[in-house]
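Below: one structure, written as structure tokens.
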Amino acid sequence: MSAVAVDAPVGAGTGARGSSNGALLALARFEARRLLTRVPVVVAFVAYAAWIVWHTPGSWDGHPALQEADRDTQAMPMLVGLAVLVSANFAALRPVRHGTEQHLGVLAMPAWRRTAAHALSVVPAALLTAVCVGGQFTWEALKPGAVGHGSPAELAAGPLVVLAAGTIGVLVASLVRSPVAAPLLVVPLLYLLVLGSGSGGADGVSWLAPVVVQSGGDALPSGLLGRPAAWHALYLAGIALCAAFLALLRAGGRNVAVRTGVALTLALAVAGGVLQARGAQPSPELTAARERAVSDPALRCTERGRSTYCAFPEWAPRVGVWAGVVDRVQALAGGTARERRLVVGQRIGAADLVSDAAVPPRSEPGRVTVGTAWGGNRVPEFSSAVAAVLVTGSEKAGGELCDGRMVTLMWLSLSWQDDPMDALRRVRLDDSVSGSAIVLSPTEPLSMTEGQTDVVRRLLEKPAGGTGERVKAHWDELTEPGVTTARAAELLGVAGPREADSCE
Amino acid sequence: MRVAAVDLAGAVWRTLPRRVLAAAGALGLLIAAVPAATGAEPTPWQTLTLLRGVALTGALGLAFLLDDPARHLTAPVPVRRPVRQALRVALVAPLAALWWTAALLLVPSASRPPAGAITLEAAVVALLALAGAAAAVRLTEGARPGPAVAAALLLAAVLAPLSLPEDWALFVAPGDPRWAAAHDRWAVLLAGAVVAGAWCGPEPLGRRRWRGAG
Amino acid sequence: MTPTVSASGLSLHYGRTRALDDVSLRLTPGVTGLLGPNGAGKTTLLRVLATAVPADRGAFTVLGHDPATSRGRQEVRRRLGYLPQTPGFHPDFTAFEFVDYVAILKELAGRGERHREVRRVLDEVGLRDVRGRRIRKLSGGMRQRVALAAALVGDPGFLVLDEPTVGLDPEQRMRFRELIAGAGEGRTVLLSTHQTEDVAMLCHRVVVMARGAVRFDGTPAELTARAGGRVWSSAGRDPGAKAGWRTGGGSFRNVGDPPAGAELAEPTLEDGYLLVLDGDGDTAEVAA
């Protein structure tokens, strides 16, 4: 028995057919909508948004350096990435889990194009992450105290991590047809994330982690960062695309485009990995520039009032607020200190991103150091440094101070501030307002004895005006080396300390 | 009766998601073996983190323990679901204990955290996974709650250390003064997980109850 | 009539089991019923025709396209509606989402147009009111209709239905018959079933399979005619009958070679089917 095949299609409308690519995009949109409404993804995005709203108002005390703030957008997208990885994996495994593979297998769209749609469905999640990253960064940039420049490559890391996580989830689904694989994979990934954020990023291997945070040091001028951020973005993009193309290959997409895609994206990821490893080692020029930035930084100096302010060019907008502090402290001083010309110079302790090195005090008279951070405790700290120079002549002398001049110094530093008592608390290392304590400043800390603390506290509790006149009237004696705390208290009209000065 | 119990245990054993459990167990041991294999000398904090990861891996496997594709078929059989679920747990428990002991022995002894405390943490995570699976079985119609429970567990494992307030800290380092208080909290969680798991055991009957005395 | 589907010499082996043995068929527009006991190869034949598995030997064309080539297979799949025996569902999807999902995979163009088409088929199978409900909340009959809607979406020229009425109550089955009859207008429908009534009521043609081979291929009337003069009533079970059962009226109905002078009864399609299957498997099983 044989049958004759008839060539002409018989009757039967077959409905409107679109192009395969149109169908692919339609499926990608369908899957993207589902992906963005999965519980883990929603929870992750809500947590991310909540974190931004909770974290950003107080970050960097309102004075971010944008070349540092851009990196701050990278950590939380990893959380979104984990949720997207697991959810994209479960979505790609849906036909296996619910037994529809057999049915879907005879539909017009081949399995590998379905996989492609799953890979594409991650893109909106990455775009939403980009929106969050952009929102967080814009918020930082719009703060009145913001300085410096962000890097697009640093900002791209977060969305790219989400993209890579999603495509890796799809790849895992095509390799292991079990829903346990993705959650289990996440555990080692978590270590990788923690390792990456905790590492110094000094070698190429640590840059293989999705996000390398590098924190702990001073904010640096953009030119000294030495982060291979662009290569890292290339590396992440390569991984994301390579995982997607491998998933297509694995799902049966064996055509030239897919094979070429695998080869190209693999090359991209490898190139990114190699180049970022090379970029992670500071070049001799960068090392030299960093050393110069510590020892003899190239600063841009401007005159404000009597004093000169020298800052890294990116920090130039901040000169005004420094000058405001200097002017207020100087206005409280008496004698020649009122008219003294100061040179405020910006300095950093170490020019890498992870060491928290102290800046040595300057011994030249009239020199005041200011760091790259500002806002919060940095303000009374700087104010103390200015007062120390006005009272003792130099930063170095201020650090060695242990007599009654400390009372005048602290009063100058604090009395102009909105809440002097709170400023006193914040400027002291142990957040106390009684007993002896270390007082922070941009360079070496000062030390206050218990008696000096008591006197300063009594002064700050009195109206500032009366004390101000006494300070000006007795300026010379108050700033005389060797003046006792008891004498200073007497001159300023408050009760003296219970015990005589003694500096350990 | 005894023969029946053995038969029942055998039957339940065959329904366990053994490959999932084996995969999770193997990965957990691999993680625990990393310092020994690489010759690294981790700090106590690193070892603790490692063991927490091992515990999480095991718990992810256990999230699949109550997956039962034949759930709707076996709903009305005389051996009630709590018994079958308890049997599943009982069959796995000795193996899990052995596995955890092996993991503890694999990490460098020099930096190993107090065994009792970290075992308590691991037990809580495992029981939370089981309670989550039991809750999913009780509250939904799904026969395989494993993936959803695993995803929830992961999310909780990532979010909890980030979002717990200072007063409720759970993930503290061995030298931390809050170590003892944190483990009191872990013990409370343990009790909570056990109660929740037990409550979720019976077949869901909704608001309807069988009438008549037991 | 010109065949829309023609198959010749289809054979398929699973290990040493012969699932299809030299099956040749021509299908024309209208509903063709496929009858046979369990394990006769019905599902295998449907899966081969639905391009889910390739045959070991033999060839077939659907609406002029040869699924042996990948391009031809693609063309066939664009014109195919398939309702598998155990259609899986994604329980989290709503009925609309699921059919829309299948429509996308069938590469239907344009979002608006596609959604219109999805709504049309859901209306057609009577799920207009529950299309926003999740599949896990739907009853078995409704789920089956969702699966039929998924098969019908995109107006396929060739519809392959594998036991679509299993597990449905009589009223639902009636409704399904209406749907299938409607689908058979202008389309080629291949309907696998255990329900001889379905075939009697719906099909312009019936194919009976057993042990992987075609045992009968003709009209339902021809199949019924096979039993002409071979069905009789008796007071007790007739030992000479191939099958016999007590009817509600108390007398026995026998199928086989009647003894002389037997009281002949009006044959049904099922009687013809039983006689065609004679010797092929457990006839009692299908004579439910």
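We just call them A, B and C in the order they show up, numbering each chain from 1.
FYI, contacts are C-beta pairs under 8 Å (C-beta built on N, C-alpha and C of every residue); 3 or more make two chains touch, one makes a residue touch a chain.
Not measured: the values here are computed from a predicted model.
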Original post:
Looking at mean CA positions, which chain is nearest the middle of everything shown?
Top reply: B
Original post:
Centre-to-centre on C-alpha atoms, which chain is most distant from subunit B?
Top reply: C
**OP:** Counting C-beta pairs in contact, pick out the pair of chains that comes out on top.
**Re:** A-C
Subject >> Between subunit C and subunit B, distance of the C-alpha-averaged centres to the nearest whole Å >> reply: 47
Original post:
In whole angstrom, what separates the CA-based centres of subunit A and subunit C?
Top reply: 65
Subject >> subunit A and subunit B, separation of their C-alpha mean positions in angstrom >> reply: 37
Subject >> Residues of subunit C engaged with two or more neighbouring chains >> reply: 91
Original post:
Can you list the subunit C residues touching subunit A in their complex?
Top reply: 2-4, 6-9, 24-26, 29, 50-52, 59-61, 63-66, 74, 77-80, 82, 84, 86-91, 97, 100-102, 104-111, 113-114, 117, 150, 153-158, 186-188
Original post:
Which positions of subunit B touch subunit A when the two form their complex?
Top reply: 17, 19-20, 23-24, 27, 31, 49-50, 53, 56-57, 60-61, 63-64, 144, 146-148, 150-155, 158-159, 162-163
**OP:** Within their complex, state which residues of subunit A touch subunit C.
**Re:** 1-20, 22-23, 26-27, 30, 94-95, 98-109, 114
**OP:** Note which residues of subunit A are touching subunit B in the complex, please.
**Re:** 39-40, 43-44, 47, 51, 79, 82-83, 86-87, 90, 97, 178-181, 183-184, 186-188, 190-191, 194
